[in-house]
Amino acid sequence: MKLKVIVPVVLQRKDFKEEILKGYKSISRSDVEMDIVSLDQGPESIESKYDEALSQPGVLEKIQEAEKQSFDACLIDCFGDPALYAAREVVHIPVVGAGQSGMFLAAMIGRRFSVITVLDRIIPLIEDNAQVYGVSSKLASVRSVDIPVLDLKKDRDLLIQRLIKQAELAIKEDGADVIVLGCTGMAGLAGAVKEGLYKKELKVPVIDPVKAAVKFAESLVDLGLSQSWRYANP
Amino acid sequence: MKLKVIVPVVLQRKDFKEEILKGYKSISRSDVEMDIVSLDQGPESIESKYDEALSQPGVLEKIQEAEKQSFDACLIDCFGDPALYAAREVVHIPVVGAGQSGMFLAAMIGRRFSVITVLDRIIPLIEDNAQVYGVSSKLASVRSVDIPVLDLKKDRDLLIQRLIKQAELAIKEDGADVIVLGCTGMAGLAGAVKEGLYKKELKVPVIDPVKAAVKFAESLVDLGLSQSWRYANP
Amino acid sequence: MKLKVIVPVVLQRKDFKEEILKGYKSISRSDVEMDIVSLDQGPESIESKYDEALSQPGVLEKIQEAEKQSFDACLIDCFGDPALYAAREVVHIPVVGAGQSGMFLAAMIGRRFSVITVLDRIIPLIEDNAQVYGVSSKLASVRSVDIPVLDLKKDRDLLIQRLIKQAELAIKEDGADVIVLGCTGMAGLAGAVKEGLYKKELKVPVIDPVKAAVKFAESLVDLGLSQSWRYANP
Amino acid sequence: MKLKVIVPVVLQRKDFKEEILKGYKSISRSDVEMDIVSLDQGPESIESKYDEALSQPGVLEKIQEAEKQSFDACLIDCFGDPALYAAREVVHIPVVGAGQSGMFLAAMIGRRFSVITVLDRIIPLIEDNAQVYGVSSKLASVRSVDIPVLDLKKDRDLLIQRLIKQAELAIKEDGADVIVLGCTGMAGLAGAVKEGLYKKELKVPVIDPVKAAVKFAESLVDLGLSQSWRYANP
Amino acid sequence: MKLKVIVPVVLQRKDFKEEILKGYKSISRSDVEMDIVSLDQGPESIESKYDEALSQPGVLEKIQEAEKQSFDACLIDCFGDPALYAAREVVHIPVVGAGQSGMFLAAMIGRRFSVITVLDRIIPLIEDNAQVYGVSSKLASVRSVDIPVLDLKKDRDLLIQRLIKQAELAIKEDGADVIVLGCTGMAGLAGAVKEGLYKKELKVPVIDPVKAAVKFAESLVDLGLSQSWRYANP
Amino acid sequence: MKLKVIVPVVLQRKDFKEEILKGYKSISRSDVEMDIVSLDQGPESIESKYDEALSQPGVLEKIQEAEKQSFDACLIDCFGDPALYAAREVVHIPVVGAGQSGMFLAAMIGRRFSVITVLDRIIPLIEDNAQVYGVSSKLASVRSVDIPVLDLKKDRDLLIQRLIKQAELAIKEDGADVIVLGCTGMAGLAGAVKEGLYKKELKVPVIDPVKAAVKFAESLVDLGLSQSWRYANP
């Protein structure tokens, strides 16, 4: 099967694309072929509904293109899932988002999950998505590490430390029993966060939304299923 | 006070803009100055989440422009409220939408309202907006007249007849006691629909969302209030 | 247009009526004529469901009288909105309440609002009203300054200080991004509370419910709308 | 134990009081002493929020009186539960209402209940009470037989026939599996309605709210429990 | 009337059965005959969904037996209500559970209740039951004293002290105004907990779920009512 | 990876087990090894909460056994998911159920799903599971074909015809845009049902819950994830 990753921002450096793709390839099954594309025009990062709005036309264009190129499914590489529902109205191939995939997986393996994201100002987007997706009764809280997307790679240790701290608060104060990393830029850190929590006797799963999205896409293609076409835009 | 109307589509004919503006002027108070702008690029109508996504960057650009031009408030002329929440993150002046204004007004004067819109395929957008706005417990149903936006002016009698029919079903089958016209292209028809319902002994208010939005904008400016800046994008 | 303010208590001193009316006149548009009436019989203040129950027959009498006197709308001057829904069953002119108006306005310009009221024992009335109105999903919390209604004027500085303190807690602990003053006796203080919050970098709107109610009444009369007559008491 | 029944209306004929009391005595345990009182001033029947508002001061007066007379509990004889929560703020003895008692009992023995009441215009009161009580998720529907309270005794056969008809619709169309009679004036008819339903193979319990209220009052007195005094009006 | 108590565990010592029965007899009315039975096979205590699952076949067997023995109602002696809904599908006599009875009684006499139970790991069972019963909107929180069921009798003072502590936190932090003891092994302690709370000026009722269940069973038998047979397993 | 299928009933004929296993093997990836076990003691089919309760101890025993045998995950082969949450408290390997998997997958690819199951009397189990899982806001309805589990294979054409009929009603009357087959005994029919719906221009996905469960199990094992151990029974 062939999956296309849509990076819904304009990448600052060309090698980022290769790096992201490499991450995806390390997750996907051996029989999955993956390709990646980023936007020609749009925001450099998505940290608000404003950024998300600006990214949507580009995302839609790339997804429609992917369908024409005979990809089996598309994956939007951002926890905010920009244009996820809009895209599903216009293509027949499955479109999955990291946010929806991560939140539903969390809802399935625990009682209440918390999302730890980058900045407070993206909280409204995540909370509203949870509500529209129908999982807000399972959402304990959305917390942030207070580090912008473009700074996530600057100090990996600080990031992990803050993720563990916020996850701990989410478990103890908000009643979470599953943690979801709330930014695709945090890919690869779920293991370290889980380890940190287990050291504190907090035995909860930590979900990397990128991985959840890949598995969701693979599953849909395996099953020959796609989004409902009931309200589609013919 | 100076209000700017944002028509979130590319208008097919230049005189449409004047016509829409005229409608707004007939509603607003005598001390309100109104101006109007439509998109340079974007969809010709908004009948799905796909259309809405394509209109958002243009809407945001025009709203930011309006703030620079010292307008006191902006009004998005579409029941789908494209970019309403995104815009509120980046400007200080009040931004109001026909959909939010119409649905809240309905929630205030009745127990459960129904929205009668153009096509079934825009129902998801309206339902999801109601949920994010926090009024879905008051939303009895969203129904459609099955006429595309660009055909709304073709046969005014047929449109009114179908609006009355769907409103009647909304009241009798869905439990609505207030009706909201679900497209700004239906502006001016609330009176005829109400009359039709009263003839059937169905004594319910019919709300024109355009009018609701103008009053909401006037009220905010009068009160010196604007959207919360708590999660703003500084 | 002519608006009638119903003060739903027996006023202790005659000059209070003039003072309240003066406040209303300072808010309303120049083309609005305002009159005021208080109860002949009933409680001296409304700080519980018990007080509210005692005030309702008097409120209903005064509202029915106002309709006969050809007022265009009635405004109940109490955050508890005594007899609001009951009155709407028996008169055709719009009846608005400070509580409903303030809470809906808050719901429209923010994500979650908190109400800061006088005493803890009126919390059940406000919470239950929010639920019946359909805005409880937007209500972050109801907090109190622990000062009875009749003492609100004794120490204005203390009152403002406590309002700011409780608003701060509502924002930081309960997740509010809009504050509503929860008693019409707090009219005129929204500006001072907002200023206090901005000094603490808490950029949220503060709503005076009296002002919200005046604008809601003006808007309804402007639009020729009134409450639904579907379940009216003919 | 001594229970006081509060009839929250002005009775048209003196013998009605005796008749109602007789009904209560036939339900209560042999060790329960019952007394009854009706209002000196107020509505003749309760069929709307307007009627309910007018009855509340009288109900409160009679309940406070009952506490002084050392009754062990009070029972409000109306499905609308006028002044139930207000009364609980000012007396220590348990105050129970037919509506709350009937609806909770229904919620305990089934999945979803429907209330069959007198007129459509009292539906808002019942629905809003269910919401405030916290049982609206269990309320399938409120339906009416379209007969005013004061006509309930005119044609008992017609009343039973309509109750069975509406109960059948509630079960088949609204998903109810328990029926609650929605007016204390329907006391004594639960058996006939249940029989009618069983003949149609609809095996659901039918609850007489008056009986539910008596049992709830007896239980509270037996247990030495009363309403929470947390938000009481001291 | 004859009530059968089902102890849904294998009792460690024979005299426990007599002790439990004695407790029940002290609560029930003088005209009620009570009998008791415990499981032949199953868990020794119920502190998780796992324990609950293991107890269910035995509970069902004993309830079906009780119906054959002409008991008028059955009472499951565990706050987790094992097999409550399953049993109601197969017998006609009323089946009541301590959990459902205690939680509904709390919902009727207050605004929001908290349950104080034995261990954190039984919280999911209680929360999920509350949701299925339809009272989760009234559930402020479930807290635990961190003492296993089989240790509850070891140090009665410590248990009472912890119950008061957790109840206090539930009132002050979670907004509860009624407390429910969350284990039938805490029977007899409601008075001491209430006293402890009143000393702290926290005037809230404390419910012993065993007592609530007995009164619920007596009421159903008095009224000739039982669970709905709509979805029964014929 | 090695997956163990738990058939939570006592199979009437030995060859059924081989048949079910064959079905699973046809769905799973080529690198997945599958084994199957059925109960030694328990019900012959699960069509109510009563049946489900009887099956739980056997299911728990088989799942604990599977963990000891080093299986990587367990899959409960019944839409009612007997003992799903109980099992998750006692084993570390992922435990998945057909019901939870099917309902969540439906919630992810559509707006509202309906479940078409065997008999009306299993509706409470499915509805309550949906509520506990947190997807009830996405559940449009549960409908039945009125054919017992053990008769499902008797007349395959009739079954398909009724599935299509109920699915059509679910879409048109209940607002579903995804259909879930509500019994694992309907495995293999999703294609035929979808085809039937497409012929009626009803373009909605039809989910086979068995397939959804296999993909969910594979995904969890791939990701090294399992249920939260926060409330586990150590």
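Chains: A, B, C, D, E and F, in written order; residue numbering restarts at 1 for each.
Keep this in mind: a residue touches a chain if its C-beta (ideal position, glycine included) is under 8 Å from a C-beta of that chain, and two chains touch if they have at least 3 such contacts.
No experiment lies behind these values; they were computed from the predicted model shown.
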{"item": "Contacts common to chain A and chain B (chain labels)", "value": "none"}
{"item": "Pair from C-D, A-B or A-F with over half of its contact pairs in common with D-E", "value": "A-F"}
{"item": "Contact-richer chain pair [E-F vs A-F]", "value": "A-F"}
{"item": "Separation of mean Cα positions, chain C and chain B [Å, integer]", "value": "27"}
{"item": "Distance from the mean Cα position of chain E to that of chain A, given in whole angstrom", "value": "43"}
{"item": "Whole-Å gap between the CA centroids of chain A and chain D", "value": "52"}
{"item": "Shared interface positions of chain E, touching two or more other chains", "value": "111, 124, 231-232"}
{"item": "Category of the chain touch graph - line, ring, star, complete, other", "value": "ring"}
{"item": "Footprint of chain C on chain D - complex, ascending", "value": "47-54, 56-57, 60, 83, 85-87, 89-90, 120-121, 123-124, 128, 131-132, 231-233"}
{"item": "Interfacial residue positions of chain E with respect to chain D in the complex", "value": "29, 94, 100-101, 104-105, 107-111, 133-135, 137-138, 171, 177-178, 202-205, 207-208, 211-212, 215-216, 218-220, 222-223, 225-232"}
